[in-house]
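First the structure, then my questions, so here it is.
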């Protein structure tokens, strides 16, 4: 209905290949950006920023990372938490060892380090597939967490095993530590997310992306047409871990400020996996939708009773949360196994063909 | 066989072409033997493939035809024998290496990437030639972008050649069988192979689809001079489009020669043509 | 240098200086490995029959244990509690089949896997909503005290557990070999059409498999519960069973058992002799590393058959 | 249009080409959907392409006065070939590429074609096949080399290789082409189009540059066409319309011509492109409308009712708004909402969003179809034209668009009506002659330049021309008044209840007619009325049905009475036939045209009854049933008088 595609013809391949070939989509995209960068900072309070927006952005990065690996390259991983932890601790070590290193570099370097760890744990993917691989990635999850727990060097020998981010600034604004304003944190993260998301989109529409999807859809055929399985899969693990690493660093430095290894337990891995399944495998947009869904769901569940004017004992609520969460997940998988992104797709098609049904 | 009748005219044209263009041996299969845990699939098979020719491998089910192709493109590793490709000898290599050395193939049961559009499937055929590194792609700037465009352009020519413009952006899963076969051929062509292995390119097709496919195969052979090794059951088609025929039976080579020679070969008649087809 | 010595030499020295002790550790490990096998068995049953990677197995263990302990706390004698719990597990299995598996039939495996994670959350929530989250001691009157076999000290409880597990496995074996349903289940594992031709609807088969898995879970739950007390951490036991699966192969019952033994033994030995070198707590991940290392050499697991890929 | 006056100086297409190449070198002149995108050529690029090909042609020996056949779909290269021929002072002859070898052979022979430019292997094969019959044909140029690799014949040339030699040639002879272009004048033969006349062999209509360009320019100025139009070239190049729209007007205005990817993809390409200036014959508009309705059928009910509601709004006020007539604020608001919810999206999906001007011509377009598009706010208009006129004879001016007229005479077109009602015209577009057919030319065209159209027409009170019948079918009442049977019948048939009608009156006192009810429509009507009937014959005989039909007839009479020339044709009496007129019984042609003579004999008695005042007549006819059995049906047919207005005092137009 909102679309006016007649006359939007393409005279070059680059015009045809762009991320949003339809003008109305481009407009929508830029409006979204404008809202995110200008409107929200003006109106969102600290509570919303801290409890919803920031974790949403952080986990979006992780979700994109996992989606690249699982959704695009088809390699199921349960080690996300471990990789996020790696990112967090790598960033911590870097930031503390080189105090005047810019936070951007710290994050990127943390990502790169995590990428290498990712490659390491990706190696089994050459021999094993599917759930075998998934279980194998659990090794990463547990081993890494154990490592950061046991080896005091990672926490700079802090007694509690908790690391807390040193205050760091960019363009003179503090984005970590107590001095940092929520808006500053939010805007910094938002920029980071935007860039990372664009980069991801570019990769998946490039030949590396096609190689990933080829391996996902039919690895034998992929190899026979000349795609190197080793190279492709490890690349997927590396890139994915790079994103997860940055996500972890952002979590530790910007969201919580101080963190212990346990914060990246296997539950985190599952949360992120949920995000991409519910958001939509093989869709960057889906990663965001999923992240939003999984972040908002518990918050609503916790606040629902008050809204309904019931008062339930706290531990009860937490148990209920567990149950309802589980039920909702199953329900959602049954209703739309292909995730929110698919729903979005369908809706969009309907609008494009309006008033016709097909 | 109506396909045959309809094809003869095209065939004469291309026959003339071949007469001019068939060159010397590009791929030589020598004493290949392959077995799976005791089960013998191929026994001491040898034959040559010459530049620009269309070579058909025929034989009853289980004669080891597909295994032969799998050996040629490195998917199976024979216990004995060697393969000399473009003068380089090798006993076995990984499929992707074979692909990079110019051997492409299509599959008996379509092996397309279901999650991707026809165009993207064909683009994957170009992957071996795309060099831009991950960072460049992530930024999608200059060279990476230009590379994409060039290869898109090339693939569009293939799409045009195979007359699949209309389904360019359709996910291949939704395409009818015949179309999928074409897309798969397109994906193989995209790699600009010098040898193209076709595993039953016309399996399960109706007469029109077969005609089209024959036309495409001959056109490819004409326009690009691609050497072709194909497995096909439809004797009419085989006799019609191939320059030479290799006959396998129970993993052994029965005969090897021009269609007419093979047609005349008594052993073949007994073992194969005798069998109702 | 020290570190390397502690890592490579010291443990061996220990083992050879105290062979009896090492033997005890080994046996202890094997026995507790039996417990892993129990949980792994649950996974295998379901994976064989429905291709579902049932992450909820651990939750089922906890769930079963909670109900059993709960019933006993209500003063119901253990056999009564057992019957009741069995009923509960059967009911649960049918509910899952009806509410989760049937609607998701023919979906990609990862979707079903996610669904089982959903089930996990649900069961954890439900179990604790009903029975509360405090730790329950489950006393079956089995002495924890060690007993002596020719100079080798062995924990009686572990022995009992091993016996129970052994019996269960035997029963299952019989069930699968002899009974019609059992054969049907094996058929399903091979291919679904065959199963249907046996004349048992897939639905029923799934319900049964999940029930059986539930029972296995129950036994495991009781054993673990009795050993560590019934508490949330039981669910984590499931995670221990996963490396067992890699080792044994997702579809092999003997694999599950042998794998369990290997993991159990290896873990204990490593825990006792190696962890000092690398600072304890290694049981979290050692099993995985062991399995992983193993996988690199035998991707299809211990008893999985070699895959010949065709195109 | 100030924009166009500048081009007045240029009197040939090649001169216009140079003009645009200088004035708007980077403005897109041509696009073609190919290899997945719209490949584009600017005017300067097109200029170079054409010049290169022209030079190549002359290198191949193409000389002033030569003819060049064009065979293929609408492709830029083929349009360029036409311009190239004109550049060298030769004449392009676009040929219907789907015509069978025999027809094609005739044309190529008759026009003594020496060169042919064709699209692909298919046409090459066809031409090679007919070459023996066309001794003059010496050179073939093909655009698409696919499959031609093995064709060794030396008279075959690839389009690109001709252009390459051309570029060499230009280097060797700079200024040669400019000289050639300078030699051209407006009176030169611009193009020759073969029209397959209803009878006999095709005739080669010779059109000069003046014919094409002046007509094109006049129309462009009238409609305010500028360089920013986008037209979709999809109708055969051999058809005069394509020559005017895609060549003449494109070169006059400098706008962009767009070629579809292939026949099958026209609709999708249309949707992508969104042309601003569009021509289609009525059946295409009709097909599109049908598909719209069919697709809406599958929509959710709430959507359907919304669609229906707003389409009604549009039907009520859409056209008035389009014509700038007064409309209440409320309706404007509703229409605006409807535009957001239905009209605009609908036009978008169909690819009509950007259309500023849409033409239709050929046969008469159904009023409901016509008003459907207009009510959506699409400025679709009817034109009346012919090859001999370089298309434009009449055009409906903006704001004066009626479904039942073809509009007012186009600029600089004079029209006169012969006493048999035939429309004759005189215009700058009038063709030079039929090639090598002097006496055929004389038949069609008087010495003082009036051309016979063969159509009978009348002017209505707004000075709009109505085409009423083929001139030869028009008869006369005894009082000498003109009697166009088909016109009367069509008026009747516009009523859903009337399926067929046969009007009598030639050489009689008055007009009377047979009527066939439409069993569907009347059947539904009967059910609504709670009227039980046993079958066609029974229903047809019902007095209620007679009343129903009588109303229709009376309305037709009201209409006819308005018009001085036609008021004589009011229907005095009618009867309703007991059976459907049927092709199987020889009463209709297979194309469902009434076979007057046959009916005249078969129903002689009934016809007389219409005139001798009987109020009923017995009929018994042999019929052929579905299964081929023969049988007879017989009945007493009642005859009714209709209300007839006095011819003396024509009353105001009803409604």
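Things worth noting here:
The first chain written gets the first letter, and so on, giving A, B, C and D; residue counts start at 1 in each chain.
Here, a contact is a pair of C-beta atoms (placed from the backbone, for glycine too) under 8 Å apart; a residue touches a chain by one contact, two chains touch by 3 or more.
Note that the coordinates shown come from a computational prediction; the quantities given were computed from them, not determined experimentally.
More C-beta pairs in contact connect the chains of A-B than those of the other pair, out of A-B and B-D. Distance from the centre of chain C peaks at D, each centre being the average of the chain's Cα atoms. If you average the CA atoms of chain A and of chain B, the two centres end up 42 Å from each other. The distance from the centre of chain C to the centre of chain D, each centre being the mean of the chain's C-alpha atoms, comes to 80 Å. Per-chain CA centroids place chain B at a distance of 50 Å from chain D. Distance between chain A and chain D, defined via averaged C-alpha coordinates, is recorded as 60 Å.
In chain C, the residues that reach two or more other chains under the touch definition are 311.
Of all residues in chain B, those that touch two or more other chains are 75, 107, 111, 152-153.
Within chain A, residues 13, 220-221, 224 each touch two or more of the remaining chains. On the side of chain B, the complex with chain D involves touching residues 13-14, 16-17, 119, 152-153, 156-157, 159-161, 165-166, 168, 219, 222-223. Here chain A touches chain D in the complex through residues 1, 3-13, 15-16, 353-358, going by the rule given at the top. Interface of chain A with chain B (complex): residues 13-14, 17, 199-200, 202-203, 205-211, 213-214, 216-218, 220-229, 235, 239, 282.
Per the touch definition, chain D reaches chain A in the complex via residues 31, 33, 36-40, 230, 271-274, 292, 295-296, 298-300, 303, 306-307, 340-342, 344-354. By the touch criterion stated above, chain C contacts chain A in their complex at residues 53, 99-100, 103-104, 107-111, 113-115, 117-126, 128-129, 133, 239, 242-243, 245-246, 250, 278-282, 284-285, 288-289, 291-292, 295-296, 299, 301, 309, 311.
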